[in-house]
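Common to both upcoming complexes is chain A, partnered first by chain B, then by chain C.
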Partner chain A sequence: MDFIRNFPFFSIWMPMVAGPVSSVLSGKKARLLNWTVVVASGLMSVATLVYVLSTGESFTYTMGAFPAPFGNEIRVGILEAVTASFFCLIMVLSLVGGHRFTKVDIPEEKQNLFYIMINLLLSSLLALIYTNDMFTGYVFIEINTISACGLIMIRGWGRNLLAAIKYMIMSLLGSGLVLISLSILYGITGHLLMEQMHESIVEIVQKGTYTEPLTVAVGLFCVGIAIKSALFPFHAWLPDAYGYSTCASSAILSSLVSKGYIFLLIKFFYRVIGAEIIHTIQVDDVLFVFGIAGMIFGSVSAIQQTDVSRMIAFSSVAQIGYIYMGFGLNTEAGIIASIFHILAHAAGKSLLFVSLNGLTQGTWENANYRLLRGSAYRNRIAGIGFAVGSLSMVGIPLLAGFTSKVYFAQAAFGAGSKVKMLVTLIALAISTILNAMYFIGQVINIYTPIENAEKKRYAAGASMWFAALAFIVANLVLGMGSQPIFRWIERGLSMFS
Partner chain B sequence: MPEELLHNYLSVVSMILFGIGFGNLLLQKNLIRKIIGLNIMDTAVYLFLASMGYIAGRTAPIDDGSQTAAQYINPIPSGLVLTGIVVSVSVTALMLALTIRLYRRYHTLDIDEITVMVRAEHNE
Partner chain C sequence: MSKLRKDYEKSPLWKFLTFVKGDTPLPEEDHTEEWIRNVERAEETEKTENANYIELKETDPYEDAKRFAQMSGVRVFRKIYYVLAALMCIMIIAMLIMNVAFMPRFGSDETPTNNEVAERYLADGVEETGAVNLVTGMILKYRAFDTFGETNVLFIAACSVMILLLHRESTKLSVAEGRGKKLVKKKKREDEEDVDAEQDEDVILQTIARIVVPLIFLFGLYILLNGHLSPGGGFSGGAVMGAGLILYNSAFGFRKTQRFFDETVYDVIKVGSLCLYALIIAYYLFTGANGIDPMIPLGTPGKILSSGLILPINLLVGLEVACTMYAFYALFRRGSF
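Now for the complex of A and B:
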């Protein structure tokens, strides 16, 4: 069974090879190759998860001939394997659900380019999840950015190009900050592997030397990742980038791309720096404030939108705020709630984007809310999917969003200070009301029948039925059967240090 | 304090350059100037890394069997610089390609003007 130890490396390596190979294939063959690779990576991640659960301990996989502290490593624990399996699942469902729109939106001769980007994105996401080396993390952050930029611009409209270049500019600012932060950290610790960095940092803090450079480096890293994952004041690039790309792109971008960066941030906090030191230099308080601000202002901006795709995109800003608020609590319960919310948000948001594209079939792909009135009767499964996704985002019981809000509320009671507890609970309440205002409003809107409307039906197609139903099941599983996942996250997190 | 700054002048210079590059990438309206800012920013980081790995009086770590490890500078930052250069070349190429496509379509390099034109195109 020790052969399974190679699987994480294979699941990164396969899409990385499949990407360049796709450039010489036709669109259809590239698609088949890509789907095979995504499914295979997913199965390998599940096998890895089963293996890690059975052994009960994490393992490191040395890349190349050099052992630590010189070589490059992959580290696999329960948390990594759960996240990787889940990301592969969301990716394959988004691709299947958006398949019909991919065929229409992207010219035949450019289809293989789309699948190159998907392959590279998968490879970089898995590498960000598994890597044990901060500089490798930086390199894959850039690969992730480049492939995400390709997914944004693949439709080729003017506003896609503009959104792509805005995304690139903001992302490059972020990765510049990450790079300088890693250089400073390398300068004061002399290592790039996470465990060795952590040992040096503990030593530095005990001796009291280099505390300023350490604070600066942690701050720069956080700002860099915050820009790239669209935390509240840095979210200007997000609505255009997510709102106007093709269906599969929007679903994957909103549910996975920013989560890869956030996962690296979790590893940085809990494996490289350590929760106590994060608390000593008060980075958690800063993230808490911005997270709360994001929860409120993301939703306020979403309410003002007339275009439903932009509305869903702005709601991502609010959901990212939730995740950062969990980091800000800086307790074990808070971070578990954040990780659970990463999964819950991915399942809900990709469902929303896939079903929204089904709803806009009768409106020339215009997602203005007036045109969407009554659209749920034109495409039944898309209507149901949109309703389930919206209710999950609002936090209706039985669905994923509710469970993660419960976990956040529980975490709030365990927060160190009373102020944080009160602020978290109040922000959760306000944000839920704001979410309900726009999501429930849209659900009512799409189910409002128009009088004298032509009774035209749009066939959803087997692919959309399959994807939407699978997403709904994923939301229900996360909502009702969250206990095992919760325990896996808990065990995975305890393996981190 | 001034002596420390003077002693670590390479770090100081690279931080100033980083700031210049960052500011240009963030604030310039012209896309080409933004890309130049990006390259200044990345180059500043390479200067910082290279200056960290350099140890006065030692030579480049090219192993010909005649010297010991104690006579070489630290090779890892140089390796990081090489990796970083590859990354920054690829993102620069991507940014330039995007800029060319936008220029062919809107005949300007000013990102604010392009934004106005895109809005007009989609009747917002």
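Now for the complex of A and C:
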């Protein structure tokens, strides 16, 4: 066996060791350790990607001495490796970009706790991406939830505590539903590993013995993951949690945490249940409806906000709606568009949060839109970053958001029914207009010069310049050079079944 | 010229000069009454304005609708909300109960869970893991990675509670924040008062604790060490030991507990046990996945020194769990150890 096959395991294991070690380090040392670990995990994921691309086939890695139906296992294909590398990249850029604010917002004595949370969050995200075992998925969902909760409340404001409580209650409800669903699935299949589960489920559907529990289990799993990733009617926890956390936290939460769950849902749909069975029990239609509703109502709520950070948070609800709409189409093109949108949204949203925190430097960290007028002149790179991120979210050509919308539109033409196609296209059009209403408005707002303004410039600092430029480049690459990534996703998805 | 001072009014020279000139500043007046009067006046004006506003509202149909939405609309909405929520809950409960009827019968031969996986666990479990207690063998050998994850869940939960509640001892605080000496002294005194305020004079509790706590610790240790032989293992044994620590603490107070268990001890045990556990797991998973012989003898099943890595893992998990249990208690009660 090639040594490189161990890399995914190492990239999960390293942050899990770095977490406990950071609890006795000072804040600065914990930060250096954390950054090293994130970069190392990212490099390992890239190496895995190169390896998988060269061999052209996926491989499974036995966690321990016992093979598939008896012990744990992880599975690595192109799609997993691409997502893992990309998540590490976004995480390290968010940490670098939010570094100045992390130092200010979090008390010195609790800095190392922040980096413990980041470490374990990284390990849980990677485990959710690589796992080939549903119960391992559940264990790491728990770690993901608790560490996200820690990231929300570490700033210590009253609002953060309230947001953390909301998040905790909703998210634990989601975890509970997922656990019930997995118990039912284990009861009717007798397996926890994805491939064996899939075989027994196909058998069950053919025999027609346990179809009712199967439907209930799939429904509960979808609702659980939908609550945790803030699909439209379950998004009540989201704006506070994303809006008031410290910069690095909100960038990571909005761009990565919910995406880890969604990735597990993709695996559940296409590796455990199978696309045809999903279609026969009509879960995809339900997700389609809620996805469309999320696209519209998320944007409508975003327009009503006076606080720009809450506005960006509500726009996340709309973007999550796009992703679920792609699942709802339940075609290969739809799911590829959704996965591409996961990447595009992660790149755009983290850029927005990082640059918004740069813009609020002159306003006592208050993101009210009136206070932000003319703020782009105070901090130039943050202004440019905010503008690029907004344009990408709206879907201006050359940027990531445009490409994913084009993919969604193309997928709509391949959808099975004419109704779905029409609804998708109309919803895309309406949602784009709504997006433009609030994002372009804010860009104009921050570039409106105010008279008699204080001519003070806030130094952005090298870290923010670096992070914002890298994010902009990532957006441009996803927007203009999307073809190779698209093909990787396509090949990765074909490896799934 | 002398430097301009902002606080020149306080300087003795200024006071002397003003005294010589004869315009000594008036003694500070008591403005409370005036303030109260102002507040009262503001309230009155607000009342009258409100009265006008309500009168206006009564004539305007739009305002009527608005007031309805604000006053009784909220009440109506809340009622509908509660009814719908209750209906939703009942529906979900009914659905789940109905689902049970369709599930395979528990314990019968033909359940899908009764497959080759369970067969192998039962048939070859003792031979492959060396543990007589098959549950321990299953969670620490076959599904070792999941259990490692679960241990990390406990650790990160303790860290989250620390984010929320931790307030460090005064000496560490001064180093961390560079506070002045006076503040540190005040903080220290507060901490001491905090400790003194504990009621640790409960004779019944102390007498019983003196008898019971050693037994609890022994029992916890027994569960830990026998995890691979009889029901038990790291999590349950650690919980028992943690309960013993908590009982000791509530009987004798923090000051006596700190003699053998303070934050440093907690850190050492926590980091030591988790890192060792991580290393063992890495060794086990790495050798297993790459097909290398782990070279750890399993021993004869049934002996106390058997089953290879399960015994040390149980011990480490137990220490971590005991510390975490006590940490939860201490953090919620006092905010530090």
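Following the convention adopted for this analysis, the second predicted complex is superposed on the first by the 496 of 497 C-alpha atoms of A that agree within 3 Å, B and C clash if a C-alpha of one lies under 4 Å from a C-alpha of the other, contacts with A are read in each partner's own complex, and residues count from 1 in each chain.
By definition in this document, a residue touches a chain if its C-beta (ideal position, glycine included) is under 8 Å from a C-beta of that chain, and two chains touch if they have at least 3 such contacts.
Please read all numbers here as calculations on a predicted model, not as lab measurements.
J.: So, does A:D2 touch the first partner chain B, the second partner chain C, both, or neither?
T.: neither
J.: Should A:G71 be classified as contacting the first partner (chain B), the second (chain C), both, or neither?
T.: In the superposition, A:G71 touches chain C alone.
J.: If we overlay the two complexes on their shared chain A, which of chain B and chain C does A:E451 touch? Say first, second, both or neither.
T.: neither
J.: With the two structures laid over each other on chain A, which partner does A:K110 touch: chain B (first), chain C (second), both, or neither?
T.: Second partner only.
J.: Taking the superposition as given, does A:E57 touch the first partner, chain B, the second, chain C, both, or neither?
T.: Neither chain B nor chain C is touched by A:E57.
J.: Please work out whether A:G187 is in contact with chain B alone, chain C alone, both, or neither, and reply first, second, both or neither.
T.: Touch partners of A:G187: chain B and chain C.
J.: In the superposed arrangement, does A:I146 touch chain B (first), chain C (second), both or neither?
T.: It touches chain B and chain C both.
J.: Give one of first, second, both or neither to describe whether A:L172 is in contact with chain B, with chain C, with both, or with none.
T.: A:L172: touches chain B, not chain C.
J.: In the superposed model, which partner reaches more residues of chain A, chain B or chain C?
T.: Result: the larger residue contact count on chain A belongs to C.
J.: Which parts of chain A are touched by chain B and by chain C alike?
T.: 135, 139, 142, 146, 149, 153, 161, 180, 186-187
J.: Under the stated contact criterion, what part of chain A meets chain B in this complex?
T.: 135, 138-139, 142, 145-146, 149, 153, 158-159, 161-162, 164-166, 168-169, 172-173, 176-177, 179-180, 183, 186-187, 192
J.: If you look only at chain C, which of its residues touch chain A in the complex?
T.: Checking each residue of chain C against chain A gives 95-96, 98-99, 102-104, 111-118, 120-121, 128, 141-146, 148-150, 152-153, 155-157, 159-160, 162-164, 166, 168, 172-173, 176-177, 267, 270-271, 274-275, 278, 281-282, 284-291, 294.
J.: What residues on chain B touch chain A, complex-wise?
T.: Chain B residues touching chain A: 18, 21-22, 25-26, 31, 34, 38, 41-42, 44-45, 48-49, 52, 76-77, 80, 83-84, 87, 90-91, 94-95, 98-99, 101-102, 105-106, 111, 114-115, 117-118, 121-122.
J.: Residue numbers of chain A touching chain C in their complex, please.
T.: It is residues 1, 5-6, 9, 13, 16-17, 19-21, 23-24, 61-66, 69-72, 107-110, 113, 116-117, 120, 123, 127, 133, 135-136, 139-140, 142-143, 146-147, 149-150, 153-154, 161, 180, 184, 186-191, 200, 210, 212-213, 216 of chain A that touch chain C.
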